[in-house]
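Look at the two complexes coming up: subunit A is in both, with subunit B in one and subunit C in the other.
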Partner chain A sequence: MPDGIVLACLVGLPFVAAIVAGLLPTRARDTASMLAGAVALVCLGLVWSAYGTVSGGGVLRAELPWMPQLGLSIVLRMDGFAWLFAGLITGIGALVVLYARYYMSAEDPVPRFFSFLLAFMGAMTGLVLSGHLVQLALFWELTSFLSFLLIGYWHHTAAARDGARMALTITATGGLSLFAGVLVLGHIVGSYDLDVVLAAGDTIRDHPLYIVALILIVLGALTKSAQFPFHFWLPHAMAAPTPVSAYLHSATLVKAGVFLLARLWPVMAGTDAWAWTVGLAGLITMLIGAYIAIFQNDLKGLLAYSTISHLGLITLLLGLKSELALIAAIFHTMNHAAFKCSLFMAAGIIDHETGTRDIRRLSGLNGPMPFTARLALVAAAAMAGVPLLNGFISKEMFFAEALSATAPVHPLLNVLPLAAMLASAFSVVYSLRFIHGVFFGSPPTDLPRTPHEPATWMRFPVEILVLTCIMVGVLPAATVGPYLDIAARAVLGDATPYYSLAVWHGVNLPLLMSVVAMAAGVTIYLILQRRLREGMDGPPLIRHLDAQRLFERAMVTLSWRLARTLERIAGTRRLQPQLRLILIAAIVAGAGAAFVRGVGPGNLVPAPIDPVLALLWVVGAACALGAAWQAKFHRLAATILLGGVGLVVCVTFVWFSAPDLALTQLTVEIVTTVLLLLGLRWLPKRMQSSSAREPEVLGRTRRLRDLAIATAAGGCMAMLAYVVMTRTPPELLAQHFLARAYLEGGGTNVVNVILVDFRGFDTLGEIFVVGVVALTTFALLRRFRPAADSVELPEQQRDQLEADEARHARDDGRHVADWLLVPFTLTRLLFPVMLVAAAFLLLRGHDLPGGGFSAGMVVAIAIILQYIVGGTEWTEDRLSLLRPPAWIGTGLLLAAGTGVAAWAFGLPFMTSYFSYADLPVLGKVPMASALIFDIGVFVLVVGATLLMLIALAHQSVRGRRSTPRTLPQAKASPRVADAVGGGG
Partner chain B sequence: MTHAVELPLWAAIVVACLLLLGAFLTLVGSIGLLRLRDFYARVHAPTLATTLGIGCVLLASMLFFTVLQTRPVLHEVLITAFMVLTTPVTLMLLTRASLYRDRREGSPDVPPIPARPLPKDGAER
Partner chain C sequence: MEPVLAILIGVLVAVAVWLMLSRNFVRLLLGFAMLGNAVNLSIFVAGRLTRAAPPLIADGAVAFEGAYANPLPQALVLTAIVIGFGLLAFALVLAWQAHVRLGTVLTDEMRIAEPLPEKKEPAS
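Let's turn to the complex of A and B:
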């Protein structure tokens, strides 16, 4: 098979299967697990099929250029090292799927679980197969995210939610740091391609930015691999189902950090900075993790801290300046995956069959579950490093490295073997505790369930893994030797040193250290046994060093206190200061630019003033001033005056022969005014500050300042318009459009042709914005609760209801229907006429003034009119088609679909086509594809306008429902706004 | 109005007369709006402008363009229809609102609410 297909299948297949699994019914446990198992096995087979290439030192590589100009491509690359990890991920994945089939309860939504698990498998495979640094960071974040979903799988428990959130916060933040790090790395090397980066070791280490890249990348790796001081998320992640712990938190996800460090080892390691950061973090983690693990009472907690400790060991090995240490690290990664995964599964079996994971409650399980006990015993012995098991061999290698390490400073050199022995002794202690505490001692009593052996197939994965532990432990060179060699050679290349994988190296110092550590471990356990059995409240000495509490405190400080403080300092909820700031910023920016660059006089002579137009403008200006004057205390009057201004603008457009603009302006003006009137109803009443009146001077100063700002802003706008209009633009785009509108766009209405054809892409973007704005308005107003003093029914509506009740308890709203009978009938007659007018505007838009936008506005106005006169309920009972979100969606699909359709003819996006069609009644009608686009605009505009309208109009319906029918006597004075809009 | 010169004399005279009449009626309506004594009286004045006044202007427009383009131009009929439909709606809404408020405030100038419902309503149900 070609490389590309193998690699693409390896990454893509799990994701596809994840989607399929997610679509399965909730109870399809068997189907989902079969699917997941089959996918894992197929992937394992694919990995195996690559063995031939990889074992010869070859590299599978597939590249899909995305944005080659920016050096961004999708590169999949499998060398020996990635091959080994891919094998681990898929192989253990298959075992975990089998285990999970029996572990997960039938009541759980199991397909969702397998969907996440498969997606995680794909993300993890993608991570190890990434041949591009940015892509690697992307998959890295994806694994964090899927880990979040998996930890939070039982989201009904608080522990799962908190654990998931903490894991996501830590690992995703680390992922961002890694992303920044790889960007720096890419900047240093000049390419993000892994092959190029791996060949540029000296460039990287000598670059001044090396330290920055190192710190950022190491932060990413340490958070992911749960290294001190970021280790605390891992124990909390134990709230996940045990298969997840076995898969993610022992074998794969947490190994991603180690993987990355090993991957970049050839180019970044070897410096003191590397040794200090990586080595020191590993050393501390190894000791602290092992120490805390001893005192855990939860089986999974013990295993989690043990995992932290072993990851620390691997990290420490990576931090040493030695090729052999790297090989030991890779080897231990594999060994740890085998024994820790089986231990987690064993812990899961115990939890599943007894109902508890508390070591203090468990004992003597050897009797009821002998097979599981044997398996766990072997796995724990491997963890402790007992000879003839795989853990022993990697531990020996570790001791040998600890003895021969050339650490940057002398004290560390002396401490290292001692620390290695101590950690090893601790691991003996917690392994003993696990085995002795759970399986030996008096027979179990008082357990939630009667323990018994699990289903045979549930034990099968554990058996396989334990068998691996034994085989690798007895015959390392014959079993795992070739694979380790492939992986090591892929990382180190020609620099791979000689190493020997054997159980017996003769009596030497590492062996002696092993014996001492073993003896020390047993002794410590014997001393601590009784106290541990009674249960200790956390590890001694560092009991109060609760990383979780520190984390919570940091989170609260960051996300709550800091945010609140910043909001208090820099934010305001009042609109006036916000508007003031925006205006001032705009004035300063505009005037500043004009001042710096200078503005000369224009080259065009202003046309003489037409007295009629001047008169019109005087009226408009008076309206504008009046609106500003009345805005504070007479909102209705201000709104009406604003409408006057809009009409003057509209007439001005007509005057200067811009009928399209005038039409748009007119319709927009109407809709805006209606929306403003609807909003008026919900504004709070004028504030009564009679007792604590602010000083007159202060108020006057404020108003004067606002006047100054407003005058300046308006003056600047006027100046800008004047300056632009008194000069010829250097290149008249208008000529270009005028010349080509008919020839290339097939329309004689240049404005419309520009909108739907020449600049169709802009229009597409604009209507998207309109749709988003409408949806946002709706979302904001959906939860809107009006001000306290406007929540009551308006007086007129109360009167109407009273009248309805008084007169034979008639239907609500009959009174108002009687009152408005004539206008109501006339408006209903008008509705179809307006629709015809809209259709007229829409169809002729391409050649004559009109178009989708104005047609849409006309339809919206027609419906608004029904709302105003007929009332919300009446209108919605009759217009069942009135589903604005669907209209918005349809409009967007139509418009975008017209653009996409051009692809079908091999033309670029949004290419238009036109001809004329002879329709039976309408005659010759231009049929440009732009017309469909325009219909899309039309539909969207109708939907968006109505959605905003409904969002406001429904307030009154909702308000009426939420307030009692009979209210105490009115306090509010009658208001004209309510009287006019009373029906709606 | 650059095309106005192409208009035959007879048509020009008629159009001009209609336009002047329309403008005059509109002016009268506006003055009425300004001068009449209370709201209910004033409401009637603008109707002069929106019916007869606009009607004359629309007739003038129809004639003007029909003669110029030598084919019947009937857009103005639609405008007339809209005017005829919308003007009463607007004014009725205004009058109803005003009447409501005056009654609410107990103004002596308006008749009170009819005491009994019309019997027709009961029969309808």
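Let's turn to the complex of A and C:
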């Protein structure tokens, strides 16, 4: 089979199967486990099929370019070392699936479990087969994430949630560190390809960034492999279902860190920095883990700490400057996977059949479950390093390395043999405790369940693993020898030293150390036995050195206290201080940049001052200042002055060749003023803060500060405008539009062509916004009555009503109608004129100033004028066509439809078309599709503007209805025309 | 010419900012309307000042000859005017709603979602 297919299947198949398993019904336990088992076996077969290539020192490689410009490709690569790990992952994976089938309760959503497990298997395989550093980091994070899901599988328990979160926090943070590390490494080497990196050992070690890369990568590896001081997540991960623990914490997840260290060993190890970081972490972890494991009362807790300790041992071996130590590390990784996995499974069986994992409650299980007891005994003996079992051989290699590694590295390492013996003695103690405490002693009593042997197939994976332990222990060279050799040669290449895998090397120092450690372990256990049985509250001496509590405190500090402090410093719950902060930041940033870079004089000479225009601007500025002056007490005056400012801006537009802008500005200014007048009527005139008034001085200081900010903002903007105006513009984008407006857009009014053609999509979005705003305004005001404190009729209206009241023959409002008779007649006459003007503006828009916006505004103004002078009821009686929401919808449909119509001709959305049509009377009229678009804009603007204004205007009708009037009710109660969408 | 126009823009911005820093929502609205004018004007002048040459192609011609006013800022400002109007209308209605529902137009007192921590009463 081609390499690519084998490798892609190995990584892809588990993920595909994970999706399939995830889609199975919740109760499909058998189907899901069959699927998972089949996939694991197929993957194992695929791994085996690659044996021929890798045993000859070959490498399977497949590459899929992804972003070759950035040097990013998907590279799958399997050498002997990756092959060994892939075998472990898939082989143990298959056993764990079988075990889980019997372990998991039918009540659990088992397909979900297998889905996660398969995905994890895929991620893990992807990790070991990655031939690209970034890809490796990606799979690394994926394993963290999937282990989070697996550990938190029983998410209804708090322990699972906390354990999963802690594992994720630690390992994913480490993963980020690793990611940064591989980026640095890739930067040093100039390639992320693993093959290139592995060939660049000297470059890496001599590079000034080596230390940075080392620390970042080692942090990633140490967190993943639960090394001190990050070890504490692993015991908490024991809240996971036992198959997960057996898989993740014996063979896969925690071995990823070790895998990475060994993978990069040839290029990064060999320096003192490596020895001290990796070696020291391993040494401390090995001792502390073994020590704490002794005092665990939970079976899985004991195994978790023993795992930590053994991982420490492997890490320590990797930290030594010796090829033999590396081989020992790989060997121990395999051995540990075998015995620890079987022990986890045994612990799971005990938990499953007795209902508890507490060593203090368990005893004498040898009686009811003799077979399991023997299996566990052998596995535990392997863990303790008893001769003729696999753990013994790797332990002997470790002792030999500990002895030989002392002098060349550092004199301090003279303690290494002692430490090794101590850790070994501790492992004897906890192994003894596991076996003796659980299986021996008085027959079990008072257990949640009556213990009995598990299902045959549940025990089967344990049997396989224990058999492996014995086989490797008795005949190491014949069983595991070739595979270890393949892996070692893949890492070390030609530098692979001679080593001998044998049970008996004669009487030598390592053997002596083993015997001493064994004896010491048994002695310690005998001494501690009684106290352990009674249960001790954590390990003595380091009981208070609780890394978990430190972690939790750090998490609280980071995520709660620090966040609160930052919020207190930088956040505010008031609008004005926020606004002030934003303004100050903008002013400082802008002025700062100008100050730092300096602002030279412009190259354009300012035009001579035109006295008329200058006077106009002075008036504009005066209007603005007047508006600010009057805003507090005279809103009407302020609104009028605001309109004055708008007019000055409008004239400025005219003056400087922007007729379209002037038209739009003028109409919008009118509508805005009407809007403000309508709206401000319902807002209170002056309102004192209901809370205590601030002292006079404070208020004055605040306003002075605001004045300073306002002046600074204005100064900056004036400066900016001046600087821009006195410089020659760079190559203008406008040239593009100027040159193409007629040729491609078919219009001579370039501004309009830009709006409805070149940037038609923007305009489409814009009119949608306007439509939405109008509808929202309408929705907010529907069924709404003005606030009670503003419904009181204004003085003028009261006068008018009283005048009506005084003459009994008259309806309400008659007085006003009489007074306004002349303007009323005039506006009625003006109405058609304005409509014609609007049509004129609309039709000529493409070629001359005008267009949909201004035309729409003119129509809206015409109608509003009727409202103002004729009154709501009168107008709506006569304009029953006035249904603004329908106008909005029509406008949007027209505009969007013009765009969609281009599809019918096989052109992209909003492609325009134009030609000229000869119409009678009107003459030659440009018929661009953009005109239809502009009509859409026009219709929408009419609808939206009217909807907003009418919704506001109707409040007065409602307000009048809800007024508790002292006057008697009007004879004919005002008929509210609910033409506006039925609600008005 | 340019310095005077720049000063006008500055005055408009200053007045707008001053009004928007008020705690009264009504004044904030007025300031907002003013800011719209100021910003539109400054975008417009970024296209430089050109007299008596609107970007209209002469009758019979197919392209421009000579200097013409920059049409791009004009198109942008035209959009901005309309959007600004919509935004102002929306803000006005929101202010109104706030007044009806919360009984205040002072922004500091609109505190339903984020109540201020209770101040401790002085001991006396």
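By definition in this document, the second predicted complex is superposed on the first by the 570 of 984 C-alpha atoms of A that agree within 3 Å, B and C clash if a C-alpha of one lies under 4 Å from a C-alpha of the other, contacts with A are read in each partner's own complex, and residues count from 1 in each chain.
One rule holds in what follows: a contact is a pair of C-beta atoms (placed from the backbone, for glycine too) under 8 Å apart; a residue touches a chain by one contact, two chains touch by 3 or more.
Keep in mind it's a predicted model, so treat the numbers as computed, not measured.
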See if subunit A has more residues touched by subunit B or by subunit C, and give me that chain. C
Quick check on the superposed pair: does A:327 touch subunit B, subunit C, both, or neither? Answer first, second, both or neither. neither
Who does A:826 touch here: subunit B (first), subunit C (second), both, or neither? first
In the superposed arrangement, which partner chain does A:676 touch: subunit B (first), subunit C (second), both, or neither? second
Which partner chains sit in contact with A:799 here, subunit B, subunit C, both or neither? Use first/second/both/neither. first
Subunit B and subunit C contact sites that coincide on subunit A, given as residue numbers: none
Complex contact set, residues of subunit A against subunit B: 795-796, 799, 807-808, 810, 814, 818-820, 822-823, 826-827, 829-830, 833, 837, 869, 974, 976, 979-980, 982
Going by the contact rule at the top, pick out the subunit B residues touching subunit A in the complex. 78, 81-82, 85-86, 88-89, 92-94, 96-98, 100-101, 104-105, 117, 121-122, 125
If we count contacts the way the header does, which residues on subunit A are in touch with subunit C in the complex? 573-576, 579-580, 583, 606-610, 613-614, 617-618, 620-621, 624-625, 627-628, 631-632, 635, 638-639, 642, 645-646, 648-649, 652-653, 655-661, 664-665, 668, 671-672, 675-676, 679-680, 682-684, 687, 689-691, 706-707, 709-711, 713-715, 717-722, 724-726, 729, 732-734, 737-739, 741-743, 748-751, 754-755, 759, 762-763, 766, 769-770, 773-774, 776-777, 780-781, 784-787, 789-790, 847-849, 853, 941, 944, 948, 951-952
Which part of subunit C faces subunit A closely enough to touch in the complex? 1-15, 17-27, 29-30, 33-34, 37-38, 40-42, 44-59, 61-64, 68-72, 74-75, 77-79, 81-83, 85-90, 92-97, 99-100, 103-109, 111, 114, 116
